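Following this line, the structures themselves.
Next come two complexes built around chain A: one with chain B, the other with chain C.
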Partner chain A sequence: MAKTAPEALLSVRDLTVEFATDAGIITAVDAVSFDLQAGEILALVGESGCGKSATALALLRLIADPPGRIANGEIHFRDRELLSADDATVRDIRGNRIAMIFQEPMTSLNPVYTIGRQLGEPLQLHKNLRGDSLLAKCLALLESVNIPEPRRRLQSYPHQFSGGMRQRMMIAMSMSCDPDIVIADEPTTALDVTIQAQLLELLQAQVANHRAALLLITHNLGVVARYADRVNVMYAGRIVESASADEIYRTPRHPYTIGLLRSVPRLDQPISEKLLPIEGQPPNPLDLPSGCAFHPRCPLAIDKCRAEVPALTRHANGHAVACWVDVRD
Partner chain B sequence: MGKYIGIRLAHALVILAIVVVLVFIIARIIPGDAIMAAMAGSVDLHDPSVVERVRHQYGLDQSIPVQFAVWLGEFLRGDWGTSIGTGQKVLDMFVQRLPVTLELFVGATLWSIAVGIPAGILGALKRNSAADIAVTTGAIIGVSLPPFWEAIVLIYLFAVLLPIFPPSGYVPFFEHPLLNLRAVVLPTFVLGTHAGGLLARYVRSSLLEVLGQDYVRTARAKGFSEAAVIARHALKPGMIPVVTVIGLSWGGLLAGAFFIEVVFAIPGLGRMSVDAIFQKDYPVMQAMLIVVSLNVLLVNLLVDILYGYIDPRVRVRG
Partner chain C sequence: MTDLVHPATAVAVSPASRNPALALLRAVARHRLASVGLVIIATLIIIAVFAPVLAPYSPFQQDLYHVLAPPSRLHLLGTDNLGRDLLSRLLYGARVSLLVGIVSSLVSAVIGVVIGLIAGFRGGMVDAIIMRITDAFLCFPPLIFILAMSAALGPGLQNVILAFALFGWTYFARLARGQVLLVRELPFIEAARSVGVPATRIMFRHILPNIVAPVLVAITIGIGGAILVESGVSFLGLGVQPPTASWGKELRVGFTYLEAAPLFSIAPGVMISLAIIAFNFVGDGLRDALDPRLRGANRVSR
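So, the complex of A and B:
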């Protein structure tokens, strides 16, 4: 993972995000590096609190400051470096070249404005659409995400939409300016399981239609099996394993990834094995264990794991893992 | 929206009915018969036949429900009785004094809004800056400044030391607009100080809360500038609790008017009420109670309607 792939649409290097809390400084994202290729679906997976949202928000410089701060790193998008770019450059990319879908459909839309007004804003801002052409485009957008009676629905307020419909609207809005990248931060977590797959399918179809890359964030490794091309597994602010989705499912190499796979039902397989939750709790971000942060929960931990942080090391097939132990032994 | 307003209106009417009944009951249970007290000087109250005649004349010998019906009928027809203090028709007294007090209320509310809302917005946007500290400190002073002290200081500064405004008195607007405005500046300022400080504080904290909401982050993720984020997504939801505060402040202005109209010798409803209380002028006090309640109910109704207008979620809940 260390060397820059020059063809990548988005290259993140050593991204570090900190939050100042009363109890001390939390390093929510710790020197994270990854690449996103054009048109690719990249999953970012890990337990709640491991730094997925902080990573996603940092990509668009949306970390709330205070308490948060991007302490270090580089984000290369096309020919720009976003962390050193001026505000106007970043604003021009937000919602336009890189769009974001948030986790909380209930609170991510403004309750006092209509769906139509909120849906049309990126188009107004970035494409200068007004009046009839804006209306026509908004209608087409709602239709494209299968919202019935789009003309009437543009007049609705968010509280008149179900959670699933709001996320559909969010998907439509994220596509409105034909972005290069869509970041979806747990887009289905807040929703009923029965519509989660439906929504992910819609999202997959939409990014394919618009030839956009997708950074799909989830805590459920089972969910991404069908959709992702590559998977990054995150633990305590670091990427601990990175590989193609196939490799991750067939030959996981980090004990944490193996634990995650055993703990979740998988959409692509019948439930043959029993689900085993990973023992123990995620570490306290204010007081991370020494060495590999996973060692207190790791069944394979050796002395070295307690002493030294393993670096993310690339092996064959672009499979990278940060672990002192070779699980194949 | 129509249904929502209908429900609010029905609530207001129910409360008004309760107030009217209470006012009637209070008037009956006040120790000492009001009419007897009023007659004490002119007739011989030791003569039972005289008492009987007077009671009959005022309908006091009839059953309570009949008395209530008669009283309510008269009140609705505009017959609010005669003031014991001035001998004037009570309704006429209200009609004369209402515009004076209303002018003070409107002036106080306008200036408290004109200062309180921008100050609160400034404080929220420049959080923890010198401007924010100035706003928060000013708001605390405004809320806690005793009005009598403020009035005395202002009269001393701007009527005695620098004679820009008259120290007291009132000229109706249509008699002499300029003199009228000069006369109401100081009392209006004192009357609105509390509300201005309160508003600045509420606007600031409400806006700060809104700025931390997820939908504001969504607006930022769309690419809006910070100014556009605030104008397009934060101000309107931030005003929801502020509307309530303006309404409550309006209701509270009357307590201030009692005092300020006396200090500045302004012939409005506040001073009339104070006079009525000192003179045990029951017909005026009774009418005042109803007018005060009506004022609060009307403002609440207006606040509810505005609420429904700003927040679409309220409309459905009804």
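So, the complex of A and C:
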């Protein structure tokens, strides 16, 4: 396990999230540890159900309880430990120091309130802005995300906004209190491919302007390559590989990461190169395979993989991987 | 995505109106039966407000020489057993019936919705206890319960309203709780929590406005029900006391003279029916206006 770097803005240690279902307890996030440095863009990558969204929600203690539960772990943000903090402290951090952008811009806004009212809510709660100063700040925010006619748009209801506009408004809202960290949970999945890039550019520019760190949760490796500084790859609730984005692309070391990269088309390789899907299905979270959860689908699996869970081990260049096999051999 | 439209959005979606309340009213007015209901209710309210102006006589003025008189130019609906002008008594009776109907339905709604909100939002033990209490209330037939309460509290208008509210809140609590269970799982509630909105504010500012639609329908239909129950309670001798006029009371007294003066019981009966039908029509119209799936169907039928 990596030692906490002293400058880490957010450091997560052994975070474990469980969900109670009728069939038993699912461990959605299993002893996940990572650091987020000030101002960096960290991507959390993995397929559906690998625990990346649960990780994001747990950071702000937004896991619905019941059925969910943060079973173990520590989340250090600046000088505070969030999992043991009282509700008021956490509320004060939410939307203020750590902001969140959700996957579904269509349903993440309350249909009965105007855009202006919702945009202003964090500012009212955390900055105590009212009246004219609140209006001025909201106008500036909408302008900063390139929404035309901001004054008129503040009076609009969410259904009068397109998906892209809502998500831009959500970006504006997340920036409203100058947060230290923005968590974006698949911010572009629900949108047209044509505006995904636009939005990500905007998000990147906004976090850069506000000097905020970005935790970008995605299943899209293209997004990762283009925007992320570092990447954590998750599989079945665990981080299996962690490295800089360049490293992940040039020298992936976990068989799962290699499989992911082979399964998407790349511009830097000849078109004749075949796309290779990862064989098999993601594991049933109620009945995870023994040892490394990836071993049933892994072409390189050895006996040890079936017996013992590999720990995330740090190598050169800050490249960490949880695998018993050294793929370079 | 689009099939996820919540009832609350439906109001706002109707033709380019900025004001959801106005848009709703317009949608209800377009509904054929509801517009009839709206006209009847408006008329009843005008009657109730302007009863002293509209009534040809005082409702208490007795004319013992013309007892149980048939309709004439002097007394359009005839007179009652004490020679009082029936029309005037019915006009004044509208005040009692509407007051009881509207106030008791509103009081029940306010109490019920707050309790239902808390039950649905908090969940767990709080929810279980509140819901078991409402279950217990459901075991009573409403009329019997309200009669018993009225008897225990004593006669009088406030006590009828109180008795009604004591029963009516359970219905609204169940309704509100069910709606809260739906709304609290919607992403915008999670989004509100993610920006640090406290729980009470989420309950009253973010969830409540989204469950108003079905509650509004229930209040409207509840008013009709309350008018009926008030009439029933008055008919059975509790509720408002003589000489105050109320439709149920008139019906009760008129009933005794059914053969001598049929209009004496028919007229208040018609008033009661009209009022209840009107509120039910408007309730149905509201429901249709608020339900996007039914809106298309209405358009075809027109």
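The rule is simple: the second predicted complex is superposed on the first by the 317 of 329 C-alpha atoms of A that agree within 3 Å, B and C clash if a C-alpha of one lies under 4 Å from a C-alpha of the other, contacts with A are read in each partner's own complex, and residues count from 1 in each chain.
FYI, a residue touches a chain if its C-beta (ideal position, glycine included) is under 8 Å from a C-beta of that chain, and two chains touch if they have at least 3 such contacts.
This structure is a prediction, so every number in the text was calculated from the model and none was measured.
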item: When chain B and chain C are modelled together on chain A, clash or fit; value: clash
item: Touched partner set for A:His254, first chain B, second chain C, both or neither; value: neither
item: Touched partner set for A:Met100, first chain B, second chain C, both or neither; value: both
item: Touched partner set for A:Leu62, first chain B, second chain C, both or neither; value: both
item: Which of chain B and chain C A:Arg168 touches, first, second, both or neither; value: neither
item: Partner chain in contact with A:His159 - chain B first, chain C second, else both or neither; value: both
item: A:Ala190 touches, of chain B and chain C: first, second, both or neither?; value: second
item: Which of chain B and chain C A:His219 touches, first, second, both or neither; value: neither
item: First (chain B), second (chain C), both or neither touched by A:Arg238; value: neither
item: Clash-bearing segment of chain C relative to chain B, given 43-51, 61-69 or 259-267; value: 259-267
item: Common interface residues of chain A - those touching chain B in one complex and chain C in the other; value: 60, 62, 91-96, 99-100, 102, 104, 107-113, 121-122, 125-126, 157, 159
item: Interface residues, chain A side, partner chain C - complex; value: 60, 62, 91-96, 99-100, 102-104, 106-113, 121-122, 125-126, 155, 157, 159, 170, 173, 190
item: Of chain A, residues touching chain B in the complex; value: 60, 62, 64, 87, 91-96, 99-100, 102, 104, 107-113, 118, 121-122, 125-126, 157, 159
item: Complex interface listing, chain C residues touching chain A; value: 1, 4, 6, 8-9, 12-13, 18, 20, 186-188, 190-198, 206, 209-210
item: Contact footprint of chain A on chain B as seen in their complex; value: 212-215, 217-225, 232-233, 236-237, 240, 310-313, 316
